[in-house]
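In the two complexes below, chain A is the common chain; its partner is chain B in one and chain C in the other.
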Partner chain A sequence: MDKVDGTEHYNFKAPADLATLQVIILDTNPLAWATLESSSSLSFPSALSQLLIFANAHLAFSQSNRCAVIANHIDGTHFLSPADPGTDHRDPGEADLTPEDLKEIAHQNASKYRVFRLLEDEVRASYRRLIANTSPEAVMESPNTSFLAGALSAALTYINRICFGGMGGRSSGVAGEEKSKVNSAGGKVDETGRTMHAKILVISVTPDPANQYIPVMNSIFSAQRLKIPIDVCKLQDSTVFLQQAADATGGVYMEPEHPQGLLQYLMVGFLPDHLARRSLILPTKVDVDFRAACFCHKKVLDIGFVCSVCLSIFCEPPEGAVCSTCQVKLDVAALENLNKPVVLPPRKKKKKKAVDSLPESGVASAADSPAPTE
Partner chain B sequence: MADSDEDFVLSSSGDDRPKARGGAGASRRSGTTRGSGGGKSKKSDGPAPGATKREKWEDIQRSWDNVVEGADGSIAGTVIGLLEATKRKRLLRDTTPIQRGIIRHLVLILDLSSAMLEKDLRPTRFLLTLRYARDFVTEYFEQNPISQLSIIGMHDGLALRISDMGGNPADHLTALQEKAFTVEPKGASSLQNALEMGRAELFHTPTHGTREILLIFGALSSSDPGDIHDTINSLVEDRIQVRIVGLAAQVAVCRELVMKTNDEDDSGYGIILDEGHYRELMMAATTPPVTKTEEKSVPSLLMMGFPSRTVEKHESLCACHSNLTKGGYICPRCSAKVCFLPTECPCCGLTLILSTHLARSYHHLFPLKNWVEVPWSQAHKSTNCWSCQTPFPSHPPLSPTKVKIRLQVPSASTAPPPQPKEKEPTQSTQRYACTSCKTHFCIDCDIFAHESLHNCPSCQSLPESTIKARANLWPPSTDENGTTPAVDLTKSMRTEVAEATKMLENSKIAAGASMMEVDS
Partner chain C sequence: MPDHAMPSIPCPVTTNRLHTQVYTDPTKHPIYPIIEARSIVCGGRMATARASASYKKKDGEITLDADGKSLSWRAESSGTASNPHIVISVDSIKSLQATPPTSAKVMIKVFVQHPTDGTVDPYVFTFSGAPDEASIFKAALTAAIQALKSTPALDAASTDVKDDRTSLDSRPAKTLRNKTDHELQEDMSLQQAVLSASPTLQKKFHEAVISGGMTPVQFWTTRIHLLRAYAVEQAQVRGSYNVLATIKPKTEDSVVRVSLSRDQIHAIFEQHPIIQKVYDEVVPKLREDEFWRRFFLSKLYKKLKGEKLVPTDSHDDILDQYLKGGNLDLGSGAERQLRIPHVIDISGNEDNHSQKQGNRPDLTMRPNKIENVPIIRTLNTLSSKLLDSVHPVDLTNERDPRTQEGVDMKLHDLQNDTRQQKILLNVKDHRQFFDTRSGPHFVKPQASLGQHTTGVGILLMLYQNTASHNSLNQRPPNYKSVDQPQQWPIQPSKQGTSDDNDSVLRAASAHISSILAIRRVQMPGRFGCLSTPDPRIWDQLLLTHATSTEFLRHFWGAFFSGDSKKINEIRNMAGSLNRSLERIESIATSAEESEKLSNEAGRGDSDRKRSKGSNRPPNEKGFALVKRVIAPQENAIKTALARYQLALQGSGDSS
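This part shows the complex of A and B:
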């Protein structure tokens, strides 16, 4: 392939030279960027330029690498690149330019690598179009709007199409058959049937969209299944969702201390592909908060009670032993021994596997089990 | 074992047996019901199944009948349509929010008898079963992170314990590797022994969870030490649900077993048609079963610990495997360090999980609604898939010469508004629309969204006002059809979850501060 490197010497297997698709999810909430600019002097145009340099660096690694940019805007998510084929491709900014200006621009761009220029032009044009369609009132109405779940979902479906030929969600089906199918369609595949590797980079400036907890989680698990790392570059407002996303999928989570140096963070932290990452110590966050909040008093819990039907979390058995969410009468008899110390059964000395076979709710459960029949 | 095979040969009367294994499996079915084994094998003649309904092999389907030539003489359109229909068939499922047994206890019983040496599945039944068993374990824990599993083998007339009831997929996978792969399939299989061992495994499981057995049955007979009907009755008493995947043919006693343990519903008994169908049947068991009757499982409150993760400077032994590890999770009750979640604390027995494990099960509770196939009259609204940017076919020119149009069986579930079928081209639009946000997607995104993502990408990326504004467009939203209380419940739960997370976020600072203190 077009990669000249010594990886052959190190027993890397064939999937090593699959290309990588980088999907960038960019927050474009104007208000959030304005606050960021006032606090850290990183403006959106300069961030976009740095991001495009990063994207170009990714594309420069291999001719078959690809890049997609998705905007997470105040009125939804939009593909900046590849742009929606149905839309007008003209750059609205170009309308004001004189022919001389256009010539000047063309002259400047003449020596630019074509792949870079195509991506840059497309992203910038789509972004201008996006901003042109956004009214100032809408911006003022939605200071913190973010469609993280939608952007992640769109990124994953796009990756599913590009990297798995649309077969990524297919857990069922015979592995062998699918492999040959993709193979005939084109080029290399690794053992899981993927034709490209993929990673997602989220550049985020907005806080967590709390009402999207379940969809975001679903997206995270889906990415985890497809083995797609979600990298997070959080420029302001640290978030739980994205921390969990990066942690669960093995991505990098970074909160740059000096956002104006964004490019350096991007290049050093997020550029390495899946192969290089194996041999690097990634600058990721380790202490992710996984504790849960109870539904009844919204307290953060270490130990809580979970309804076995709907998995609602409570900090204490609810009143009347009725689950407040699903209205099911709960059996709390098992919890009566709650404050007594749990005594280990003496047969615990067996090997490690015996541990798991303990009844789930401790001592009382044996009494609830149905009587032996014979 | 051998005798029922002979019966099958005798009874399968026909030179016109379909080539497909599907037909063969179905036709064998009748043979086995008649030929209950003699000798030791304890099988009974159940009521002849399907006496009234037509057998599968009685409906002759010729695949070439469905192929219709397009106007230009090619069959490409039909082929794409057929492909999509098969993809789609797998997708349509019931999406009303139902109460499901999220916390499951399942015993997977594998057949390791000599019948598994048959080579009708590639490479052999045995090897394929083990491969699928591995996939099953992974998938089961993916879908049911807070559930437990145990694996038993039926080997040489005995039940062979492969792995104990536990929640760690890695344990089961190593056990499969170490025990099952090294065993050579041998002898007869004994349903009774395996079921009794499974029953014993499930005996101590708490009442709020489900108790299930998934049996992979390759043989056609069972050699049992006692009366299997006693075992079946005690399984019913212990409210254990049994699902069976048969590799060869339907066996009367299996059917009876499934019927009795599932409230006279035999949908849990499947005979495989080919490798793909085998996998499908097996993976169907990874979805949590619907809670049918209330007395079956008693809902209860479970005490669970939400441990925090630590990273230590020096390695220390974990309490679960006695391995030296640097990182780990600290049990909030007894401060033991475990290296893997979800698990049960080896010291105090507290169930330790992450809140993400609970979140992983939520999609069973709020399934994504089925999408609707878009008719050509609506197809002009989109030119490409919303989420993966794949272009859709544009409207094909209506063929002037009326090609004979065979109405294909409509594959869409929620019937699209009745269209004048004659005008509709045979080629499908390849567009599928979400019923709430009306966005059009391609079939691959449809499958991906329903099987893996469990989100509608477009619903998640449009403001609620926009979705509401589209409410009256085609296709009609399916909200009204659903049982209203269930929908309300789902909504209320969604808000509860959202509020809880919001609180979690707000409390984040405080939580972090306390963690800092612990660290220092």
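This part shows the complex of A and C:
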């Protein structure tokens, strides 16, 4: 009788069964890497090799694990793996190879696990194509260019397609055609309808792209809703966006003190999947600074004023009671009394003077939350 | 009465032959007033009120209908055709005015809203009979209006009553959800009830108000939601329930007794109209208790309860004839049926409705073939009946099923997209806000890289060092550059010796471990560095913390209000905050003392604790521990007091 029991459909597999998709967003700004190399002697080629080891480690955990690499370049974002469909996937130098070279390469690759080799070849070839198509002038003109928002969006859309769409599309990580029809981890679906788990790792060497504040924050919130942790490995230039991204999505944020040991950081900090993370203490940065800087004087504030419409932060009510960001007329009538506490009866017919010499940068506000302690 | 109908048969309750009798407690539940009780509850009727009154100088009689829903006046003259006759529906009465009872001529003026065009017509009736009669009638009319208006939703929607214009008090009974914050704050008895319902709140109240000097009003202003929640909770009444299932026969002295209260009987009649029908038809012939005795033994009872009928069930030739009545639910659920739009009404092919048979297809395709009604279906019908008797609160236009249907007919896909009512945000470029922030990190790349670095050089280095195989680098890309396109030598990327690599990785590991160590200490749970003080001290601390927070809240609220009337409140709160500091101090001291005591009691204890975690800070105990736990709040209180002193001095100087 049990064989015809139709309730089997409702017994979802435990989430442990699902594979993980690792999306790596790699800053490829050449000048930023050159700067990093001069300061910490970690070169991009070395970092790329270490990153590929990390990706291999991820792929080695499970046969159905996948990996995607997105380059955050100076002219936009590019998928390094899986490469854009319909483009030339070969290495730019491949045309010049002699039969002897090919033979030697084949010999060298013979003892390599195929999945690893396919990923490595694809990433390296894509990257070299990218570099070959980059103009030297553009490199020198854009020391800080980053398309973080675009890269995050690309990662999220890719994750959406792979992990939630069920249609799969092109296989990632494994560039071979023979795998392209495996759309999900054996068709297993967890209770939220996802066929795979996903996490994003951002390797960043460029400062925050300030003009992308809103799109980056939106991406962070999407990731948060989809329960996709954003791990951040910040090799240079401390960041606010990514710190908050990691914190909001439950990812790991690390600023390696020894960038040359990148592999160690990657392996210890970022390799564990969502299940392992539940039982591990993660080496994420200890003190996340959530204090915000005001938009008007760039002061870091404990207590400030926030525009009720666009959430801009001010250290004092903005001039003319108009928000400098969104031009909304603010009602500051209720704030008028903030600086003028009346504590004595006005029997002397004199107006109470505003208390100016206050410790907190002239901002008088209800300090009903305790002051930060050391 | 036939003899074989007497219960000399196997009783369904036990296997013994028992006598069943309906037991009624003569003091509490007299059995005879059942009929009376029913008429009161079922109809909700009141006596017809009438009084002689004249309208437009014609004598006549004004009558308030027994159901309290219409007011009619009929001229006294005997002519039938030309007899002026006014009928006013009570729910269309907008307002009511009356002369004071002392005046010689007693009149009432009724403002009636026309049902369709909404105009308000006044009708003046002058009472011509005894003054008593007039006042009784007035009272009855007021009561009728009130009764109509206090029934929720349905009537309230159609008659919008302006209370303020009625000179007679016809205000509807105030429902609790309408209570304003102010009313809730004034309601002392409600506050008492809330306090007695929650011991923790009572403790807080005691600490803050009775010993802390806060006024009750201050205390409750921040807890209006509690008052409202409690009031709403109290206003809820229990709905009807499945009565037959709750009646449990009891065996006493080998006699099965069933006790029935008047409410229960009423509920039975309401839920099972068939019983009422049987009762109405049988009871004059049968005695009341006889009827119930037979009923609880009958197949009818079993069927209504949803039990299976078995051939060994006793036969009752009076009650059993009602079994075959087919539909046992007399006209029940008619109200609910009306609301089902035809689009989704599947009762048309009910016989085909396979789900009614469970997973089995309906083989007979005919209704009423099921003799032994499964209990689930009985319970389901009963539940839906119970729900039907509840006034729906979410159906506003229930009265007009047509419009309801029309609403459902609208298919969402065919509708235009509703216009999104969004506020346009004119966000300026955020770049200006962050440029200076990233300033310190911004290093001119050329400065750190040296003059010889060129874009071509960087790119070539990257290109050549990222190849998967050296032979791929035979012809580097030809960058069009101002620089000479020179052949760059292949630089092997800087890979140190294995010793170098080892030390770097070791350093990285050490860095990660140091982060992990800190995170481990911060983990909540057994790795935490915070040992909690003993529960008695802890409770005190929690209470003090809660009340101090309360004081702080009110202090800042008053402090920044800029209202000179609140000076006293500020001073009081400052005093209370000072006392809070003292309280914290005393708790810390007592913690220290109890710590000493326990140390003397068990000396080995502390050693054992110390050996547990190696990298947590030395165990803080007693005084230090309490101070550390409460430190944030202590800071907050001190900040508040400092600000207060500063403001005091400031205003003192300026004066």
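The definition used in the following text is that the second predicted complex is superposed on the first by the 288 of 374 C-alpha atoms of A that agree within 3 Å, B and C clash if a C-alpha of one lies under 4 Å from a C-alpha of the other, contacts with A are read in each partner's own complex, and residues count from 1 in each chain.
Definition applied: contacts are C-beta pairs under 8 Å (C-beta built on N, C-alpha and C of every residue); 3 or more make two chains touch, one makes a residue touch a chain.
Model, not experiment: these values are computed from the prediction.
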> Looking at the overlay, what does A:46 touch: chain B (first), chain C (second), both, or neither?
Replying inline: second
>> Just to be sure I read the superposition right, which of the two partners does A:210 touch: chain B = first, chain C = second, or both, or neither?
In response: both
> Which partner does A:157 reach: the first (chain B), the second (chain C), both, or neither?
Replying inline: first
> Does chain B (first) or chain C (second) touch A:99, or do both, or does neither?
Replying inline: neither
> Taking the superposition as given, does A:310 touch the first partner, chain B, the second, chain C, both, or neither?
Replying inline: both
>> Between chain B and chain C, whom does A:295 touch in the aligned arrangement: first, second, both, or neither?
In response: both
> Where does A:320 make contact in the superposed view: on chain B (first), on chain C (second), on both, or on neither?
Replying inline: neither
> On chain A, what residues does chain B touch that chain C touches as well?
Replying inline: 207-208, 210-211, 213-214, 238, 240, 286, 293, 295, 298, 309-310, 325-327, 338, 342, 344, 352-353, 355, 357-358, 366, 368-370, 373
>> Give the list of chain A residues in touch with chain B in this complex.
In response: 75-77, 79, 82, 84-86, 145, 147, 149-151, 153-154, 156-158, 160-162, 166-174, 177, 207-208, 210-215, 217-222, 225-226, 238-240, 244, 248, 286-295, 298-314, 317, 321, 323, 325-335, 338, 342, 344, 352-362, 365-366, 368-370, 372-374
>> Which stretch or stretches of chain C touch chain A in the complex?
In response: 423, 425-431, 433-438, 441-445, 448-450, 453-456, 458-459, 462-463, 465-469, 471-475, 477, 479-481, 483, 493-496, 501, 504-509, 511-512, 515-516, 518-520, 522-523, 549, 552-553, 556-557, 559-564, 566-567, 570-571, 631-633, 635-636, 639-640, 643-644, 646-648, 650-655
> Once bound in the complex, which stretches of chain B touch chain A?
Replying inline: 90, 99, 102-103, 139, 142, 148, 163-168, 171, 203-209, 230, 233-234, 237-239, 275-276, 279-280, 283, 291, 297-309, 311, 320-322, 327, 332-333, 343-344, 346-351, 354-356, 358-363, 365-366, 382-391, 441-445, 447-463, 466, 489, 492-505, 507-508, 510-512, 515
>> For the complex, give me every residue of chain A touching chain C.
In response: 30-35, 38-39, 41, 43-46, 48, 91-94, 96-98, 101, 104-105, 108, 120-121, 124-125, 127-128, 131-132, 134-140, 143-144, 207-208, 210-211, 213-214, 237-238, 240, 254, 256-258, 260-265, 268-269, 281-286, 293, 295, 298, 309-310, 324-327, 336-338, 340-346, 348, 350-353, 355, 357-358, 364, 366-371, 373
